[in-house]
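Chain lettering (A, B, C and D) follows the sequence in which the chains are written, and residue indices restart at 1 in each chain.
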Amino acid sequence: MSRTTTQPSPPQPARTGIWIAIGTICMSFAALTSAMVVRQSGAPDWRHFQLPSLLYVNTVVLLASSGTLEWSRRRIAAIPGGPGSLVPPLQGLFGLYITLALGLLFVTGQVIAWRQLAAQGLFLATAPSSAFFYVFTALHGVHVVGGLGGLVYVLSRLRPTASPGRPAPLGAAALYWHFMDGLWLYLLVILATRV
Amino acid sequence: MTQTTAHHHAPPQGFLRTHVFSLDHKVIGKQYLDLALVAVCTGMVLSWLMRFHLAWPETPIPGLGRVSPTGAAGGVITPEYYLALMTMHGTLMVFFVLTTAPFAGFGNYFLPIQVGAEDMAFPRINMTSFWVTLVAFLVLVAAFFVGDGPPLSGWTAYAPLSAVGKDAGPGQGVGQTLWAVSITLFCVAQLLGALNFITTTLDLRTKGMSLARMPYSTWAWFITSVIGLIAFAVLMPACILLILDRVAGTSFFIPAGLVISDRLQPHSGGSPLLWQHLFWFFGHPEVYIAILPGFGIISHILPVFARKPLLGPRVLITCLVAIAFLSYTVWGHHMFLSGMNPFSATLFSVPTLIITIPATIVTLLWIGTIYGARLRFTTPALFCLGFVSVFVSGGISGFFLAQPSIDTYLHGTYFVVGHFHFVMGVAAMFGIFAGTYFWAPKMFGRLMSETLGKWHFWLTFIGVYCVFMPMHYLGLAGNVRRYSAFTDDYLKPMIPLHRFITIAALFTGAAQLIFLFNLVRTRLRGPKAPDNPWEATTLEWSTTSPPPFDNFGGRPPVVHHGPNEYGGNSAAGDYVMQASPDSAGVA
Amino acid sequence: MRRQYVWIVGAMGLVGSALGARGAPPAMAGAISGKVTYTGTPPKMKPIDMAKEPSCAKQHATPVTTENVVTGPGNALGYVVVYISAGDPGSSAPSEAVRYDQKGCQYIPHVAVMQVNQPLEIYNDDQTSHNIHPLAKVNPEWNKSQPIGAPPIHTTWEKPEFIPVKCNVHPWMHGWFLVLTTSHYAVTGEDGGFSVKGLPPGTYTLTAWQEQFGTQTQDVTISGTETKTVDFVFKARAY
Amino acid sequence: MGKLFAVVVVLITLVSAAIFASHIWWLPVDISAHGPAIDRQLSETMVTSGALFVLSQLALAVFAWRYGDRRDGRKVTAFPGGVTPMVVLAVVLVGAEILALTFVGSKVWAGIYQAPPDPNSLQIDVQAEQFAFYFRYPGADGRFGSVHPERIDEASGNFFGLDPANDTTARDDIVVPTLGIPVNRPVLLTLRAKDVNHAFYVPELRIQQDFVPGLVIPLHFTATDTGKHEIVCTQLCGLGHYNMRAYVEVMSQPQFDQWLKERAAEQ
C-alpha cells in the first residue's frame, strides 16, 4: 500500500459540504420534475396558465444578488493573508449587505407573485399545474432563505470582533448562493414551458 | 491539516452540554443507539402482539384493552388495530432501528475515530440531525394516541389508501398525516447525517489514512451515506406531496372518480403508481442502507477474530460500490404486478438478479476468510458467523422473488415476509449485535459478559430460523401477508404453523432480554476494559477506552498500515496496528 | 322479511313502554293512523349473495334482498318512518336503549328510529367481524370494528339527523339511524300501516320519510281523543 | 464452540431443506393453462438455489469446525489460489444461472402478461372495492353499460354505478359477487378499482394482479379444470383486507350457460 497520502491543498469541509448539499438538492428537484412529467402525461385536468411576469423581475434581482456577492467575495479574498486575518474593507462587507437585501427582495417578490396567482383564483389545489408551481417555488424559496441564513452567519464571522482561527466560509456560502440562481433558472424554464 | 482538524468546540461544561445537547460525535452516536434501542423494543412488542393475534385471534390479551380501548376493546385486537401495529412495527424497525443503529449510531461514534479525526466535520449539523430524528420518532409515536387511531396503510403507505384521509377507514385521519410528517423529518435528519459522514470521510482523514487504508466499516458507512443522500432526497419530496394530498386537497396521487365510504372523492387525475415509483426508488436502496453497514461491521470484525487478513479487500469495496450503484436500478421489482407496463418487468428483473453477483462474492470473501483461520469464538465472532448464515438464507430466497414469472405466485405472500426479515431484518440485527459486543468495551470502557452474550447468540440464532424459515413454507402454500386473521378456507390449515412461529417469536423475543440485561449491567458496572481487548488494528483501538473528548488526547494519530494486517508476527503479536510505526512483515 | 317485521314491532314496543315510563300520556290524547302506499313500478329488489361470508350465507335459507324499497301486498310500502316534524314541543329522551343488531350480515332493524340522546346499543351476533360506519354529517362520524364476541357498542346521537349506516367489510350491509327530537313516530311494516299515538290536541305537521323516495308532509289537527286517518302515497320509479 | 456452531448450522440447513423437499407446504394443484411453466420455473430455481444454500451453509459449518483457534501457534493459511479464481468462478456460475433463469423466465412472464388476449375470450368486468369483488357480465346484448362513479349506490346494489334509466345497454348487465367461468375457454378480465389499491390472486390459477384506481387493467387466463376456488386480495386495502375475498367457479360450458341464465333472472 502507498504511504504518500497527504492532500496537495488543505481540504475545506465547508466547501465539500456545500457540494454534497447541492447534489442532494438536485436529486430532490429531479424527483419532483419527474413526478411532474408523470403527473402531466395524460392528465385531463392539467391546466396551463400564464406565469406572473413579476417572476422575471425576481430572476433579475436574484442574479444581481449573485453578482454583488461574487464582487465582495473577490474583494475579501484579495486581502493579503486571506479572509479572517484582517478586518475586510468596508466595500466588501457592503457588498454582502446588498446581497442580503436583494435576497430578501427576491423572496418578497416570490410571495407577491403567489398573491397575484391567488388573485387569479389559482391556488395550490386548483390544478396539478398550479400545485407543482407552488411546490417548486416554495421549496426553492425555503432553500434561498437558508442561504440568507448562511450569509448572515458569514457576516457575523467577518466582523472584526469575530474569533480568529477558522476562516469564514464565504466561498462556500457564495457557491451555494450561485447554485440557488442556477436552480431557479432551471425551475423557471420548467415552469414556463410546462404550466 | 491540523488547521482543519483543529477542534471546533472546547470540551463542554455541565450535564446538559455533556450528555444531552452535546456536539461530541461519540455522545450523539450513543444517543442514536439508545433511540434505536427504545424503537426496537417497541417494535418487538408490537410484533409480539401481532403474532399472538394471528395464532389466537379471539383470545383477549390482558391489559391491552386498557392501553387501547378503541383498538382492542376487551383486549381483542380489531382488524384495523392489527394493521396499525403492523404499520408501526415496519416503520419503527426500518427507519428508526435499521437505519439509525448500524448507520447513524455506530457510524457517528466510530467513523471519525477510525479516520483519525477529532470530530465530525459539522458538529452542530450532527447534533441537529439527531434531535430532528428524535422529533420524528416522537411524532410517529404520537400517532398511537390520536383520536381515530394510528395509521394502517403499512410502512409503504400506498396511495390512495394513505392519501384520501379518514374516509378510507380508521387510522387514515390524523394518524396517517403524522406518519408522513414523521418520515419527512426523518429524511431531513438523515440527509444532514449523510452530509457529515461524507465530508468527514473526504476531508478529515488523519495523516497517512489514505482511502486504501480506511477500515471496511468506514468504507461501508461512507458508501451508505452516498446511497442515503440520494434515497432520502427522493422520499422527502414524495412525502411532502403526500401531505399536500391529505391536507391541502391536491391530487398528486389520487385519481378521479373514487367512491370511498359512499362518498365521491373530490380529486382528479392523480397517479397512484407515481407514489409507488417514488417510494420504491427510495425503498429499495433503503434495504441496502440497512444492510451495507452490517457488511462493513462484519468485514471489520471477522478478520479480528479470524486472526487473518480479510480475503480480497479491494474486491469487497468494489462489490459494495457495485451494490450501491445497482440498488438504484431495481426498484421496479417491487412493482411487477402493480399495473405498470409488463414489458418493464424484465428490465427491472435483470439488474435485480445481477445484484446477487456482488452479494455472492462478498459472502464468499467472508467464508474464504474463515478458511485456514484461527477463529476465536467470542460473542462478536459468533454473531459474525451467524450473520453470514442468515444473510445466505435470506439472500437465496431473493432468487425467487427477482423473477417476475415466479413473483406472479409469491408476490404478497409470507415468502416475501420471510425473505426480507432474514436478509435485511435479522442480518442487520446480527450486524448490530456483533458491533455492540465488539465495540462495547470502547464505548463504555467496560467488557460485556461473554457467558450471557453466548447464551444470547445461541437462543437468537436458533430462534430466528424457527420464526422466519417457516414463513417461506407458508408463502409457497400461498399464505397472503398483512392479514389480521385467516378466514379463507385454504388458509385455515396453516394456522398450526402460525402458532409454531408465534411461540418461537415469543421465545426469541424473550432471549433479547438477556442482551438488554447484559447491556445495562455492562454500562453500570462491568469489568474495566483495556484499550485493545480484541487485539485489533484500527485506530479506535489505539486510543483509551472510552476515548477522550477529542478522541486522541490532542495528538492526531499518524497511520502507517492498512486495517488488514493480521496473521503476521510483530512486536505486538500476530497483528500490526494502523498507527504503529513498526513495519513488521505480514503473512 | 318476517324477521325484520318482528323486530320493528319490538322496537315500537320499546317506544311504547318508553312513553309509558315517562308517566302516562295526557288524558286527552288522540292518534294518527294510516297507510303508506306507492304508485308506479318500484325498483326490483336485488338478491344479496353472501358467498363472501359463508357463516352468514348459511343463515339464510331463502336469499335475502336489498331493502331500500320494501313493498307489501296492495302496493304497501314498508320501512317508511312517519313522525311529527312540527307541532310537538319535544320531550326528553327515554332512558331505554334502542337495540341494533348485526345478524346474518344484515342490519336488524333496517331502519332504527331513536330520539336525540337516547342510548343506542349495537350488537354483533355473527361469527365474523363487522365494522359499523355511520356516515354522519351533523353528528360526529365514526367507524369501528366489532370482532366476534366483542362487547356491544354503546353510543348516543346529540343532534337530529338521518344517518346512513354501512359495514365496509360487507358492502351489501346498509341501514339507517333516524335521530328525531319527537317521541311521536312510527315505522310502517310490510302492510304499510302506521299509528302515531299519544298526541295531545293541537295542530301537527306529519312527515313520512322513505330512504329512496324522500319525504312527504301533511298537516293534521287533533282535537280530543279522536284518531285521524292520514294516508301517504309515494310515486315509485323502476330505475 | 466452533464444532457446536457447525452442528447447529448443519442441522438447521438439513431440516429446512428437507421440509422444502418434502412439499408438506407447497403450491396447490395448478388449474391454469400457463401454470405448468411457472411451476417448472419455480422448481428449477428451487433446485439450483437450494444447492447454493446447502453448499454455502455447509462450507461455513466445515470451516467453523475445522479452523478454531487451538492456541497451538499454528500459522494461518490463505485461501487456496487467492481471491481471483473464486471471484471469476462466482461471476461465471451465478452469471450463467441468471442468464438461464432470465431467458426462460421472461418467456413465461411474457406469455402471461405481455401476450395479447385471445380475440374470442369471454370478457368479464371486475370491480374491487373495500372489501369485496364484484363481477359484471355484458348480458344478452353482449355490451357493457357505461359506469358512472357518482351513481354507485351499494344500498340498492348498484356497485358499478350503472345508469339503467338512460343507458339501455346497462339494463341487462349481470352483476354478481362470484366469478363463474367456463373451463378451457380463455377469459379476459378488466380490473377496475372503486376506491383504493386491491389485488386479484388465485393460487390455483397461478395468477395475481393489482387493481389500481384510475386504471382499467386487463388480465387473461384459461382455466383447465372445473372446481371452486378462492379469490383473495393481496394488496393492503384497509381494515377488511384480510376478509376481502370471492369465489371463482370453473364450470363446464353448459353448466356455465345455465348458471349465467339463473343470475340474469335474478337481476
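We adopt the following convention: a residue touches a chain if its C-beta (ideal position, glycine included) is under 8 Å from a C-beta of that chain, and two chains touch if they have at least 3 such contacts.
These numbers come from a predicted model, not from an experiment.
Visitor: Chain pair with the most contact pairs?
Guide: Per-pair contact counts point to B-D as the maximum.
Visitor: Please compute the C-alpha centroid of chain B, do the same for chain C, then give the distance between them in whole Å.
Guide: Comparing mean C-alpha positions, chain C is 55 Å from chain B.
Visitor: Using the average of all C-alpha atoms in each chain as its centre, how far is it in Å between chain B and chain D?
Guide: Result: the chain centres lie 29 Å from each other.
Visitor: Report the inter-centroid distance (CA atoms only) between chain A and chain D in whole Å.
Guide: Inter-chain centre distance comes to 49 Å.
Visitor: Please report how many Å separate the Cα centroid of chain C from that of chain D, as a whole number.
Guide: 45
Visitor: Can you list the chain A residues in contact with two or more other chains?
Guide: As it turns out, chain A has no residue touching two or more other chains.
Visitor: Mark out which residues of chain D touch at least two other chains, giving numbers and ranges.
Guide: Where chain D meets two or more other chains at a single residue, that happens at 129-130, 154, 238-240, 243, 245.
Visitor: Quick one: which residues in chain B touch 2 or more of the other chains?
Guide: Within chain B, the residues that touch at least two other chains are 78-80, 169-170, 256, 261-262, 270-271, 485, 487.
Visitor: Going by the touch rule stated at the top, which chains touch which?
Guide: A-B, B-C, B-D, C-D
Visitor: Which part of chain D faces chain C closely enough to touch in the complex?
Guide: 129-132, 154-157, 159, 164-165, 176-178, 238-240, 243, 245-247, 266-267
Visitor: With touch defined as at the start, can you tell me which chain C residues reach chain B in the complex?
Guide: 128-129, 131, 133, 135, 141-151, 164, 166, 168
Visitor: For the complex, which residues does chain D have touching chain B?
Guide: 1-2, 5, 8-9, 12, 16, 19-20, 24-28, 37-38, 41-42, 45-46, 48-50, 52-53, 56-57, 59-60, 63-64, 67-70, 74-80, 82-83, 86-87, 90-91, 94-95, 98, 101-102, 105-106, 108-110, 112-114, 129-130, 149-150, 152-154, 161, 194-197, 199, 201, 203, 206-215, 217, 229-230, 232-243, 245
Visitor: If you look only at chain B, which of its residues touch chain C in the complex?
Guide: Listed in rising order, the residues are 57-58, 70, 73-74, 76-81, 148, 166, 169-170, 261-263, 485, 487.
Visitor: What residues on chain A touch chain B, complex-wise?
Guide: So the residues of chain A in touch with chain B come to 1-3, 5-7, 10-13, 16-17, 20-21, 23-25, 27-29, 31-32, 35, 38-39, 43-46, 124-125, 128, 131, 135, 139, 165-166.
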